[in-house]
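Input: one structure, supplied below.
Read from first to last, the chains carry the letters A, B, C and D; within each, the first residue is number 1.
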Amino acid sequence: MTISIAFVIVKSNFFVELACCISFNLIMQNLFDMTTLPTLIISIVSILIVIYSIISVKAGKKFSIREIPGLKAVEDAVGRATEMGAPILYTPGWGGDIQRPTTIASLNILSTIAEKAALYDCRLVFPTHDPVIMAVAQEVVKEGYAKAGYPDRFNPDDIFYVSSSQFGYAAAVDGILSRTKPASVFLLGTFEAESLILAETGNSIGAIQIAGTDSTIQLAFFIVACDYTLIGEELFAASGYLSQNQSILSSVKAQDILKLLLALFVIVAVIWATIDPSSTWWRY
Amino acid sequence: MDRQKIRWIIFTGLFVIVALAYTVEIKMVSQPSFEVKKSFDYIESLPEGTILMVSFDHEASSLPEVQPISLVLIRHAFRNNLKIIGLSLFAEGTAIGYRTLNRIAAEYDKRYGYDYVFLGFKPQHIAAILGMGESIYDVFPRDYLGHLTDTIPIMDSVENYDDIEMVISITDGDRAVQWIEYAGPRYNQKIMAGLTAAMITSYDPYLSSGQLSSVIGGLKGAAEYENLYGEPGKGNRGMPAQTAAHLYLVVLIVIGNIIYFRNRKRQGRGGL
Amino acid sequence: MSTRLPLAVCLVSGVVMFLQYFSRHPVAKLVYQTVTNDWWQVIFAFTLIVGVAGFIKISLRKISRKEDVTYSLIAMGGLIAMPTLAMIGGTGIESPFQWAFENLLAPMQATVFSLLAFFVASASFRGFRARSIPAAILLATALLVLIGRLPLAEHISESIPELTFWIKNYPSMAARRAILIGIGLGSMTTALRVILGIERTYLSGK
Amino acid sequence: MNIGVIIAGILTLAIYTFLYKDNPIYRAAESLLIGLAIGYVLVIYWQTAFMDRIFLPLLNQGDLWVLIPLILGLLMFSRFSRKYSWLSRIPIALMIGAGAGVAIPAMLYARTLKQISASVMPLIGENGAFNFEALVVIVGLLSTLSYFYFSREHKGIIGQVAKLGTYFLMLFFGATFGYTVMSRMSTFIGRIDFLLSDFLQIIR
């Protein structure tokens, strides 16, 4: 009995101490980093706009976005592969990992393509450098096949890990391209130097190639070597356009609103800085 | 002619032209860029015995492009009797860094442990960069060869960044950014970078803001530095080949367009 | 359970990681370091085993079906060789593991990397055609910069390197910034949908 | 000659045969490359993840915190079972969720705020002269942003401005291409250097 009481006292003391310690620390240390204030403000504004647009979807509002050249080609690309009896190759690039929003956007597009591939009974090959992306992609494609009504056409071995090494991955995908001769190649995600190695090999086998990336340097190579290239933000919009998923489309709308606000900010700031060159409020 | 054959001709042309251009030794004199000159002048201005930290933050595959930079920088430092602490924040750079330092040290009769040391590799690079601001011994208790760091003579006068004049990150990616963002503001560490040509534009914002002292970019940067240093090396050696390759591309693009416009005319769509 | 628990984990970890950004408190920094440096790495390492197991499974199946036996055996040999060498001689500078890396793996990786030079050449020949005004701008800029980056350029005309530099620093930089802003916004909304649990493709089931 | 150099030289040439076309020699080199690369990564992760982050802290320092990532990691093994494979969604959700949480402020800061702020320059310089560069940057930025405006079809004024934006985009792509080619050629020159000086020893 005494022991247990003593224990409780000790324990409660411990918690009191801990609480004091934490609160003391919280006050003494910089709980909030003032230099991040502008980021916090724009974060909150952005989040509110996105949430507002999502709520308006729930309220029944319909969003649509303009046509993006290249996205029309997606359907054709799957159809072409089916006609030729050749597979589709889809890869999210070596530069990304699952933590990157670009990869998520790419997997969204994958899910639409998987559905179409299942419908036309067209083989979909997905080599990747990242085992986590592999694990998620297997689920995404499996679901796509199930949605299309052909779960039995799904082959998990077609979504596989090749190598984490950048050029091991590039060599492997090049090999797969030249051997399986896919009719359509999708290069959507974050790419680094391997971009052109894949795109040129894809071109040499005569595949129709649809690329899209958030790596600004690699965009130049895709533009030169591929049939269609989704530039930066277009990749994010594409996932909404293809799936006609209202929540994604509403986000694209929110992005447009933010872009307008930012443009307005720039115009005001430039005029301000021209009139008063010593001003710095716009600098960050 | 079918597509495949055209590819073969283009590939063979590139192979032959670059190989031939590599065998000729012409010195291509060029004005050093502002950045390279700044880097050179800075190293040149340091008094003997100053300690530099050289971090080999790159993979083996980009060696051809970044090694000429590290070679000439280390040569310059050793010639001016500066001391070097080497390390790597990229696993693949470790052995490369150790071998490079040893090789050049032998050229200048420098002694391991006295004139230079190689600390080895640390995986959690951000933690390592921050940790060395407090104490290098804590981050690297032993050097690459297993000696206790605090028994190495060169380390006697070194505790943290306060005792290091400049960190030079030789990188093919964004490791130098982490040096800039973590060692820069908190510990006031000066940082210089040796970069691949492809990365130069990514570092422009840091240069213009002054967070990065200077950069040496690509084979061309190395060649310019070698010219300032007065001894042509791998950078200069590669310049004729680099020039030939660029001109070859220009010719290819022009021919491609000539063919395109001729075909267009023939198909009756008119000229320009 | 199979959907709700992951969604909850996603929400909590997303909110915590979002908030830590704005704090300079040591605990916040510790959380950031622990999750991004330690946890992610460890989860990745375990997943790597799952991925490699899949790779081995496919290779073994190929061998048993007698298709591509030689290539599958070579790949399996390489896969087993590296860990075996590391177990025998460690991974130090003079170890056989390091030797294999420097003389087998590194040269092959560097060579695959250098294939890019050839592909840049074939892509240049095919891709830079002045079909339209934008294509002509692309072509002209690429040609100018290709020449402007050479030591030769300043001997032709002083203004070529200057113009190259100007294009890089002003018009090209402006376009790059616009691309980055777009990507930033697209990433932000995607990330937000993920945290809020609206984006669940990764759980297979939108 | 060093045996390592001979092997490296042969493997280098084997990879180059791919430029002719896919062939058994390339395929053998490719298989070896993939196998070795996977083996290499396994060793590196054994050291940096399993040893440095789990076993050593657990056994040497008795650090029980490492049990969390250990359990999360082990959950990935549920993928080997059909019934429990949903458990692997937990660590994946953690990676995706935490990644998204990190991305929001990081993206808004580095990709949005920084870029916006860096684009603002006074149109009239200190000496009273018109700053042409500032105008180019602001026009380039706004017109390219309008290219990324998805809510409306690119017709009328928006269409014209967006068209101007594509010109700026093309300038950017052309310039990046030109700048990056230098790097790409350097790596090839590096291999030529290896083949000619180390492997064939034609030049010194």
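Methods note: contacts are C-beta pairs under 8 Å (C-beta built on N, C-alpha and C of every residue); 3 or more make two chains touch, one makes a residue touch a chain.
All values reported here derive from a predicted model rather than from experimental measurement.
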Most contacted chain pair (by C-beta pair count): C-D
Whole-Å gap between the CA centroids of subunit A and subunit B: 32
Length of the line joining the C-alpha centres of subunit B and subunit D, rounded to whole Å: 19
Rounded Å distance between subunit C and subunit D, as computed from the means of their C-alpha atoms: 3
CA centroid of subunit A to CA centroid of subunit D, Å: 14
Touching two or more other chains - residue numbers and ranges from subunit A: 36, 39-40, 43, 46-47, 98-101, 104, 132, 135-136, 162, 164-168, 171, 193, 204, 216-217, 219, 221, 223-224, 231-233, 237, 252, 255, 259, 262
Residues of subunit C touching at least two other chains: 18, 21-22, 40, 43-44, 47-48, 50, 52, 55, 101-102, 105-106, 108-110, 112-118, 120, 122, 124, 126, 128, 138-139, 142-143, 146, 149, 168-169, 173, 176, 179-183, 185, 187-188, 190-192, 194, 202-203
Numbers and ranges of subunit B residues touching at least 2 other chains: 4, 7, 11, 14, 18, 59, 61-64, 197-198, 201, 220, 242, 245-246, 249
Chain contact topology (line, ring, star, complete or other): complete
Of subunit C, residues touching subunit A in the complex: 18, 21-27, 40, 43-44, 47-48, 50-52, 54-55, 57-58, 105, 108-110, 112-113, 115-116, 119-120, 122-124, 126-128, 138, 176, 179-183, 185-194, 196, 198-199, 201-206
Subunit A residues touching subunit B - in the complex, by the definition given at the top: 166-167, 193, 204, 206, 217
Touching residues on subunit A, where the partner in the complex is subunit C: 25-26, 29-33, 36, 39-40, 43, 46-47, 50-51, 54, 98-102, 104-105, 107-108, 111, 131-132, 134-136, 139-140, 142-143, 157, 160-162, 164-168, 170-171, 193, 196-197, 199-201, 203-204, 214, 216, 219, 221, 223-225, 231-233, 235-237, 243, 245, 247-248, 251-252, 254-255, 258-259, 262
In the complex with subunit B, residue positions of subunit C that touch it: 33, 37, 93, 98, 101-102, 105-106, 109-110, 112-114, 117-118, 120-122, 124-126, 128-131, 139, 142-143, 146-147, 149-152, 154, 168-169, 173, 176
Subunit B residues touching subunit C - in the complex, by the definition given at the top: 6-7, 10-11, 13-15, 18, 28-31, 59-64, 92, 95, 98-99, 124, 126-127, 144, 197, 201, 204, 220, 223, 239, 242-243, 245-250, 252-253, 255-257, 260-261
